[in-house]
Amino acid sequence: MSPDMTSLGGTESKETDLHQLGQMLGIGQNSRATGPGRTTSDLSLDEILLLHSVGLEPVEVVFGVGCVSIMAGVWVWSTGPVTDAHDAFHRALDEAKESIRQQAHAAKAVGVLGVDVEVKCSYHRAVVVVTGTAVRSCTDEAGQNRFKVSYRYPFLCDLSARDFAVLTTAGWYPLDLVAGVSFVHAPRRALGTAIGQSTQNVELTNYTETLYQAREAAMEELQSHISQVGGTGLVDAKIVDRPVHFASHVVEFLTYGTAIKMLAKEHTHPQIATVVPLDDKVRTFEATSLD
Amino acid sequence: MTPDAAAQPNAFDSGLTIPDFVACLSMGLQPVGLVQGFYCGQISGWSSYSTYAVTTYPCACYEQTVHNTGWLGRVDALDSAWRSAHQVALERMLKEAADIGAHGVVGVTTEMNHPTNDKSCEVHLYGTAVVVEGAAAPAQPWTTQLAGHKLAKLIEIGFVPSAVAYTRCTAVLVEGCNMEYYGSGRCGTGYVIIPLKEAHELARAGAIDAVRRASGDASLYDVRLQVHESEGSGSTYITCSLLGSLVRRVRGTLPLATPISTVSLGS
Amino acid sequence: MSNIPSDLPKDAGARLAELEHGLFTSDLSVNEFLLVKQVGFHPLGLVMGSSIYHIGLQKGNWGSSQELTKLTAAMYNARELAMNRMEEEADQLGADGVVGVRLDVNFYEWGHDSAEFIAVGTAVKAEDGNSYRNKLGKPFTSDLSGQDFWTLAQTGYMPQALVMGTCVYHIAHRGIGQALGQIGQNAELENFTQAMYDARELAMKRMQDEANNVGATGVVGMRLEEKSHQWGEHTIEFLSLGTAVARRAGSDGVALPRPTTIITFDN
C-alpha cells in the first residue's frame, strides 16, 4: 500500500513546513504518480505557483509557425511604405496565431501564456514563430472549474504567467496578441540640398515626416486591432524600431502586445507594502569610459 | 569528491550556495558530496547521415506548374551524437551518486560546448548528491536542476523530481529547384511557404515528442527551447535543442499562501 | 474633437482621436500599470515625438577648450522639437502628464551627419477629475518609472517637467610642449579637468534654469550623460536630465509608513 501523501502538510493557506516537504520528497519517490501526467510547460516554478493561485495549470508547450513569401525587388530603394513586407508580416503572424490556437484547442486549453514572439524578415520571406504554454482551469474537490472566465477560443497572451496572475487579480483579462508594423523607405536627399545643408543646424523635415508617418501608421494599426478583438487597452507594448539589417535604407517599426479588457466591475488595487532590502544592491560607484 | 575528503567520515563537499544549503538542511536533505559526469566525444564525418520521416512535396514555381520535387525530413547524424553524449554524462554522474549512497542529486548544472559544433560534443553535468533523512533509497538517484527553496516549492505544488532531460531534433528541408531556392520562383507576396513552416514544426515537435515518449508518467517542466537555423546550397537545417526537468505529480497542489506585493525602496 | 496643433504631421490626428474615446495603449509594464492606477491615474496612450536633425559641422580650435555653441544649440533644438511634439500629442489627448519618457538618438547609415531624436512616453490622466498639469498649463513630463512615480506621489510631490541642459564641449588637445614637459611625472591635466568641470556646470545650470521656469521646487533623479556621438574623442556632449517636481497644494508631508527591512534569500 503506498504511503498516504494527503496526510502530510496542512490545508490552510499558510507556508508548509520545510521539513514536511522534505518528507514528501522521500515518500513521493517511492509512490506512484497521481492524476494525468505527461504535461509539458515552459513556465518557471514561481509562475506555476502563481497560476495555481488564480485557478489555472499548465498543459502543454505549444507553438505556431507562419512563413510567407515576399516578392523579390521590394527592398530596392524607392519611396514610401513597403506594403509587400507589411502584408507578408501580417499574413505570417496570422498563420502563426492560427496554428498555435489549434494546438491549444487540441490540448483543451483556455489560453496560451508567456507567448514568445520571434519575427524574422529576410529578403524573400517573413517568418513568425510564436511559442508559449497552454493552460487550463484547475478543478477543485467538487469538480468545479476554479478559473471562472470562459473564452470562445483560446486567448493568446505574451505576458508572463506572473504578470497574468497580477493583472487578472486586478480585474483585467487578456484577449489576443495584436501588432502593428510599418516598413518605410528613407527619403533620398538630392545632391544640391545635401551640400547646402552641410553647415547648417536644421531639421530635415521630409525625413521627419516620413518616419513619423511610418510610426503613426503602425500605432494606428495596433489600435484598430485592439478594438477589433474587443479589447480596451494594451500594456507592456514591445517596440522594435530599427533599420532592416539587409536593406538599411528601409526602417522597420514594429509594435506588438496583448490586448486586454476589464471584466470585473472596477479595477481592484493590490495591497502594496514597501520594503528596504539590505542586499547591498545600491549602485554607489560606476566608472565609465568617455569613448 | 577528492580522495582525502572521501576518506573522512561525515565529510561532504557541496556546490550549493549558502541559502540553498541552509534550506536543504531544513528540509532534511543531507548533502553527501559533489558528483559529476563528463563526456567528450568526436563526431565522425557525416557518414551516418540517415534521414527518416521523409516527405516529398512538389515545388510550385511560376504559375504553380510543378517541375521538380523537394523533400523534408529528419536528420539524425548530430542529434544522436549529442543525445548519447548527454546520456553517458548523466549515467556517470548517477553512478558516482549511487556509489556514495545518495538518494538524489540537486542543483544539477549542464554545460555543453556549442550545439552547432559538428566536430566534437562535450557535456559536463555536476550537482550535489543528497540523502533524504528517514527515507528509503530509490532504485536510481533522481536528479533535478533545482535546490533549496525552489525545490521546496516544486514539492509544494505536488511534484517530485525525476530526472533532468535533454534532447535534440534536426529537420532538413531540401528545396525542389533553383527557382524555389533563390526565392524568385514565388513571384508574388503572400504565399504561405508550407515546406519551411513544416520544417520548423517538425524540429520542435520532434524534440518535445522525443522527451514525452521517454518520460513514462512524468511531466516535462521548465522547458527551454533553443532553435538554430542554418541555410546553404539549397537546403535549410533547423535544429531544436530542448532542456527541461522531468517531474512526477504525487499529490494535489497545496494552496499557496497569498504572496505580499512589495515595492523595493533600496535601489 | 480638439484642433490638431499645427506642428504635428497630419497622420497623428486620427490615431489620437481614437485614444480620446477610451482605448489605451502603453508600454508600461504590468507592474507600472498597476502602480500608476494606484496613484489615481489611468493611461491614455503612447505618445511620441521625433525630429530628424542635421547637425552642422563645427570644428573647435585645436589648442583651446571651449563650448561649441552651434552644436549645443543643435542638440538642444533637436531634442526640444521631439519633446514638444510628444507634449502636443499628450495635450491633444487631454492628458495630465506623460510618464516613463524615453529619449533616444538614432543614427542611420543614410543620414550623413544627421540623427533622429525620439521622445516616447505614456500619456496619463487623473481619475479624480482634477487637473495635474504644470504651472505652464501643459501636461507634466517625466522619465520616472511607474515605481518611482508611485513612490514620489506618496510624498505629495508631483512631477512638473522633464528638464534638460546640454553642452557640447571641445576639449583642447594637449600642446606638444606641455606633453614633453610632463613625461615621467604624475601631474594633473589641468586644462582637461577645468574643461570637464566647466562643461558639466553649464549643462547642469541650464537644466536648473528650465526647472525654475516651470516653477519647480527641486529636481529629482538627476543624471549626467556624456556622449561623443559621431564627432570623435575631443568633442563631448554633456547632457543633464532630471525630473522637476513641486509639492501639490493641500498635501501634507510624507504619507509612506515605515518600510519593512528585509534580506532576500534568493539569488
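Labels A, B and C are assigned to the chains in the order they are written; within every chain, residues are numbered from 1.
Simple rule for what comes next: a contact is a pair of C-beta atoms (placed from the backbone, for glycine too) under 8 Å apart; a residue touches a chain by one contact, two chains touch by 3 or more.
This is a predicted model, so every value here is computed, not measured.
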### Message
Ranking chain pairs by how many C-beta pairs touch, which one is first?
### Response
A-B
### Summary
Averaging each chain's Cα atoms, the one nearest the global Cα mean turns out to be A
### Message
Using only Cα atoms to place each chain's centre, name the chain farthest from chain B.
### Response
C
### Summary
Cα centre of chain A to Cα centre of chain B, whole Å, reads 23
### Message
As a quick test, compute the distance in whole Å between the mean CA positions of chain B and chain C.
### Response
45
### Task
Report, in whole Å, the distance between the mean C-alpha point of chain A and the mean C-alpha point of chain C.
28
### Summary
Note: chain A residues in touch with at least two other chains are 166, 270, 272-279
## Note on the structure
Residue numbers in chain C touching two or more further chains are 35, 151, 259-260
### Query
So which stretches of chain B touch two or more other chains?
23, 150, 262-263, 265
### Message
Per the contact definition, I'd like the list of chain C residues that touch chain A in the complex.
### Response
9, 11-12, 14-15, 18-19, 22-31, 33-35, 37-38, 43, 45-46, 48, 50-57, 70-71, 73-74, 77-78, 81, 106, 108-114, 116, 118, 120, 151, 226, 228, 233, 236, 256-257, 259-264
### Task
In the complex, go through chain C and note every residue touching chain B.
35, 147, 150-151, 259-260, 265-267
### Query
Along chain A, where are the residues that touch chain B in the complex?
5-6, 9-16, 18-19, 21-35, 37-46, 48-50, 52-53, 57-58, 61, 63, 65-72, 74, 84, 87-88, 91, 95, 99, 123-125, 127, 129, 131, 138, 166, 270-279, 281-283
### Query
In the complex of these two chains, what residues of chain B are touching chain C?
17, 19, 23, 149-150, 262-263, 265
### Task
Give every residue of chain B touching chain A within the complex, in rising order.
23, 26-29, 103-104, 132-136, 138, 142, 146, 150-157, 160-161, 183-184, 186-194, 196-197, 200-201, 204, 208, 211-212, 215-225, 227, 244, 248-267
